[in-house]
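Both of the next two complexes hold chain A, though its partner changes from chain B to chain C.
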Partner chain A sequence: MKSGFSIFLAILLTLGGSWIGFVVAPTMQLGTAKLTTALVTGDTWPQQRTGEATLGQQIYRANGCVACHTMQLRQDGVSFEVVLTSAGKINPTAVSNLISTLTLTGLNKEAADIAADKISAVGGKTETHLTATGADISNYHAVRRSVAADYLYDAPVQLGSLRAGPDLANIGARQPVAAVHLQHLYAPSSVTAKSAMPSYKFLFEVRKQINGVASPDALNLPAEFATAAGYEVVPKPEAKQLVAYLLSLRADAPLYEAPFTPATTKP
Partner chain B sequence: MNDDMSDESKSCSLPSSTEPTATRSTVPMWIFVVTLLLLFLGFAFFDKKGGWFDVRVYAPYNSSEELEAAQPKSAAAVAMAAGKKNYETYCGSCHGNDGAGKIAQAPPLSGSEWVMTKGAERLAHIPLAGLGGPIKVEGKDWNMNMAAMGAGLSDTDLAAVLTYIRGSWGNKMGEVSPDDIKKVRAEVGKAPQPYTGEKLMTMPE
Partner chain C sequence: MKTQDPRAKTPDATIDASCRLPLLVLFNGAALWLVLGLALSVIASLTFHKPEIFACCPMLSYGHAQAAANDLLVYGFCVPAALGVMLWIFARLSQTELVLSPLPFIAAHLWHLGVLVGLVAILTGNTSGFAWLEFPRASAMLLGVAFVLIAISAVATFGQREERELYPSHWFLLAALLWFPWIYSTANLLLVTNWPVRGVAQSIVHWWFTNNFIFVWLALVGLGVVFYLLPKLTGQPLRSKFYALFAFWTLMFFGTWAGIPAGAPVPAWLPTLSQFASMMLVIPILAVAIVLVKTLRGAKLFCGGSTYGYIRLGGLMFLPSAVLLVAAACPQYSRVLEFTWFGAAQVQLHILGFGTIVLLGAINEIVPLIMDKPLPFKKFVPWQFFLSVVGVALFVIPLLIAGVQQGHSNFEPNAGKFWLKLSMGGLVLLLLGSLLLLTNLFLMTLKWKIALVKTVAAAVVAPLENSEVKS
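== the complex of A and B ==
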């Protein structure tokens, strides 16, 4: 082979280049990521998972949930809203007259700044509120996109690439009730009619009620999904761990990377 | 089979021992032009939308500046930012952008007892009317003149400047409202004479 060395060099550069671009550079950028703090509250982010939820992550992995669920919310834009907090003492009537002539919602950054300046020029005080926008945001009742910090405690990170089911990046905030998750895992169509999700019955145990009394853990199933009289469905530890993990999935704290104004601080 | 092979070698015009080789020929100039143009466009796009590989910049933000500008700010933070801008334009040239003052130009504002007053009334007289004659700032004597540097600013802007100097460089005093400025402005009148330190000391803080 006459040009053996050139071929070797070309392959080395091609593979080496992509290795540097896809492995080395991201590791250098994010490999040393640390806890951050949320805006407004100053809480640390992300919150450490409980032991149960950490085990649940492996149940999620073992059952291949990632094949049908993603864990990454996208965001198309931001929308600004100027909110009057006080009309001031100088000329409250001028402020209220001005307010009625201005558009104050659905603005971009420049328009919001201009509106806020106009109001402050006549003595009013304003706050600018930020809302994330986009299809994922409205479809999944999310408040912001996913960012790298959200996955700090994930090993492995299960981003997923197919949405046969909904995105789960914010499921803990979207559906915070454990009992609903348990019932959904046992009989998905009892929660969402025509659900395409398979039943994960093997994470549950069907057993005879003790002295005819249901145990506190037993699922409260609608009649058509219920077991025979005298029997009950109770979650195995795996089901509880999986649900604890689902409840730990949240993307709902405002971060520097993905700021928004939380609903609770809006007057 | 052997027949086939011999037929084939006969019909082939090249002697079987020669390997085809590339010859030298010039690369057309337009390829360079197009490549450079594509590179330029690519870089221009990256510069506009790429965020320069900043880990904190995600879509929909295009740069760290844009992300910084989008950070939600409280009303107090907005006033501080406006105050900083005006301070650096109107006062910083003498008192320094770090508030430390400048030798033979202006006394410090950080830690100054004229700034760290309970209320803002006495302080507001200084930029509105001016200050002249001997004063003491943090134990040092000054005897210079400051014109009414803040008289040209609106009530809101000057209030923000004073809020800024009272809350920066280690100073930790309360906000100044535009109403405070309005009141003092009416008091000093249209053509104010610079106040002396002595006269200021007779005023309520």
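== the complex of A and C ==
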């Protein structure tokens, strides 16, 4: 360790280790990721964004939305629910008596299997439903955690590191109405009282109504946020693109690495 | 530490003078960016008080101002200040004049140009979208070239050293010179291009870069500077070289693997490995603590705001900053603290409490030496010290509290709002402190330039000596 060169070599190897581990290896593992298939429906995942939403992602980037919003949902685990689909013809009374004695929700895998076995032993037919659990899931009305596959089409991928505002990984499913998003961008506190979000009025245009008739695009604002009579607030293309992007953010297809039972298949 | 050896060929004053030009450019620009960066931070935190304040001014809206402020702090202040301090330390440790000194002089201008380009780009929305890496390609190229040019001069100076034995600061600073171009080029080539890596691999590279730049690189520089200046200022040897080198290797070995958050949507081996490495950071933290405590114990110096005070406090600040990093990586805490202001507070403590205070101390120590003159307002040094200390405390502690409240309330939208508002006070104090540094440096440069002009003018108008006058 006396010569400069051997030190250089040692430093190179130590630092290079982390470079290989956290740059080369993940790029090899994930850099060739391809479209995957959603469970149940068999649709490809993730879905390609519309052109407008793809442009909206650049509005999201340019305005630094990532400073306050994450785009990653965490999950603690899963809970199982055994659902009776048919009491069967052999002995329906026995099945219903049995069911009243069993716990069928909030189970783990083993308990769910045992319960299902008990019910089928007396002739009932069951389905086992899977639900994701965790603070993020209940906080943001999500159905599953975020997984690597969700971000395949993103450039840049903006997972974020701070939730000064809510997580947006599933915002398109949580709030699918474009008009609400537009109003929220224009005047956040008109949608959420005491909202800490800055207003993005610069994405909108205030203009005079033509012949006193509001344009179809004009925001329908509550009285205290409305503009002067005869004027209207119209979203600029940037605002529409941003909202199209927000609506495209969904983490709601069951995947192999994040399974759950979709609501539509539940009876 | 070495005092002036009578046998040394080059006197310290000559070495210092050889660093003057590049260091002046680096430090003056850094001081200006520090003021602008903190001013932008203050502007950004106005949003906590009145969310709709910049509704019609996209340039100063939170997403723009906050990103610009962060980048000005690290790329504008920390890196050029660190490079200047490094050049001087290498020249002093080598007991030789700065080699290839025009190179860092030109590079310093390129660097500041790159920061300017990046600042304009962020404010006008041309950000890359990756935190701590927002500067666009044009800017990144300027920064990369400038850094390499300065590193060449530093390494050439290192190669000229009289004393072949290496000092611990050599290790820290050489590693920093090698690591920055490596991580910066990797991150830019893989993320800020038209062909970025696919999907979530972007985030992994980004986390790797952020951790290695903010935590590891700044730690290498800060500790390297502390381990050089502490013994020099106290007149005590570093106790001990062994612990310092142990801290160096463990910091590099474990620190470079930290930074991937626990709940990240990536293959599980990545966060697991990263969490393990973060836990192991306890080892370098202990080693650094031992070095600092043992070295400081013998020193009986009054520190009230002297450069020694800066270096001592800055060095000690590494410990809480790194401990918070380890704490935030513990699974039971990360469940609560992930995505809260807690992480932001740790990063700001590392940059402002540790890196910036160490570098400010070094600048205040070095500038009078290279200019061969005392600072115009000597009082500003202790004033800035107290402003910085109170400012960092008033900025970081409220953010930590806000983070904990946010985590415990499960991201209730208005959790910790009071503390966020309070944190702006700390930023204002820091801004005032940085204005003192800027005043001192600019006045000193101005005086020096006026003196230079006067000397030149005097030489021009001086009557010719008799011997040169043709009869």
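FYI, the second predicted complex is superposed on the first by the 263 of 267 C-alpha atoms of A that agree within 3 Å, B and C clash if a C-alpha of one lies under 4 Å from a C-alpha of the other, contacts with A are read in each partner's own complex, and residues count from 1 in each chain.
FYI, a contact is a pair of C-beta atoms (placed from the backbone, for glycine too) under 8 Å apart; a residue touches a chain by one contact, two chains touch by 3 or more.
Being a predicted model, the structure only gives us computed values, none of them experimental.
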Side-by-side fit of chain B and chain C on chain A, or clash: fit
Contacts of A:Lys118 with chain B and chain C, given as first, second, both or neither: neither
Touched partner set for A:Leu39, first chain B, second chain C, both or neither: first
Chain B versus chain C as contact partner of A:Val157, first or second or both or neither: second
Partner chain in contact with A:Leu30 - chain B first, chain C second, else both or neither: both
First (chain B), second (chain C), both or neither touched by A:Arg174: neither
Partner chain(s) touched by A:Gly4 [first = chain B, second = chain C, both, neither]: second
Chain B, chain C and vertex chain A (Cα centres) - angle in steps of 10°: 110
Touching partner for A:Thr192 - first (chain B), second (chain C), both, neither: second
Chain B versus chain C as contact partner of A:Lys89, first or second or both or neither: first
Of chain B and chain C, the chain that contacts the larger number of chain A residues: C
Partner chain(s) touched by A:Asn139 [first = chain B, second = chain C, both, neither]: second
Minimal inter-chain CA distance - chain C and chain B, angstrom: 5
Chain C-contacting residues of chain A that also contact chain B: 2, 29-30, 74, 145, 147-148
Chain C residues touching chain A - in the complex, by the definition given at the top: 47-48, 51-58, 61-64, 66-67, 125-131, 158-159, 164-166, 171, 174-175, 178-179, 182-183, 186, 190-191, 196-205, 207-208, 212, 249, 252-253, 256-257, 260-261, 263-267, 270, 273-274, 338-341, 343-344, 406, 410-411, 413-414, 417
Residue ranges of chain A in contact with chain C within the complex: 2, 4, 7-8, 11-12, 14-15, 17-19, 21-23, 26-27, 29-33, 61-68, 70, 72, 74, 135, 139, 145-167, 187-189, 192, 194-202
Contact footprint of chain A on chain B as seen in their complex: 19, 53, 55-60, 66-67, 69-75, 78, 154-156, 178-179, 182
Touch list for chain A against partner chain B, complex: 2, 25, 29-30, 39-40, 74-78, 85, 88-90, 109, 116, 120-121, 123, 125-130, 134, 145, 147-148, 254, 256-261
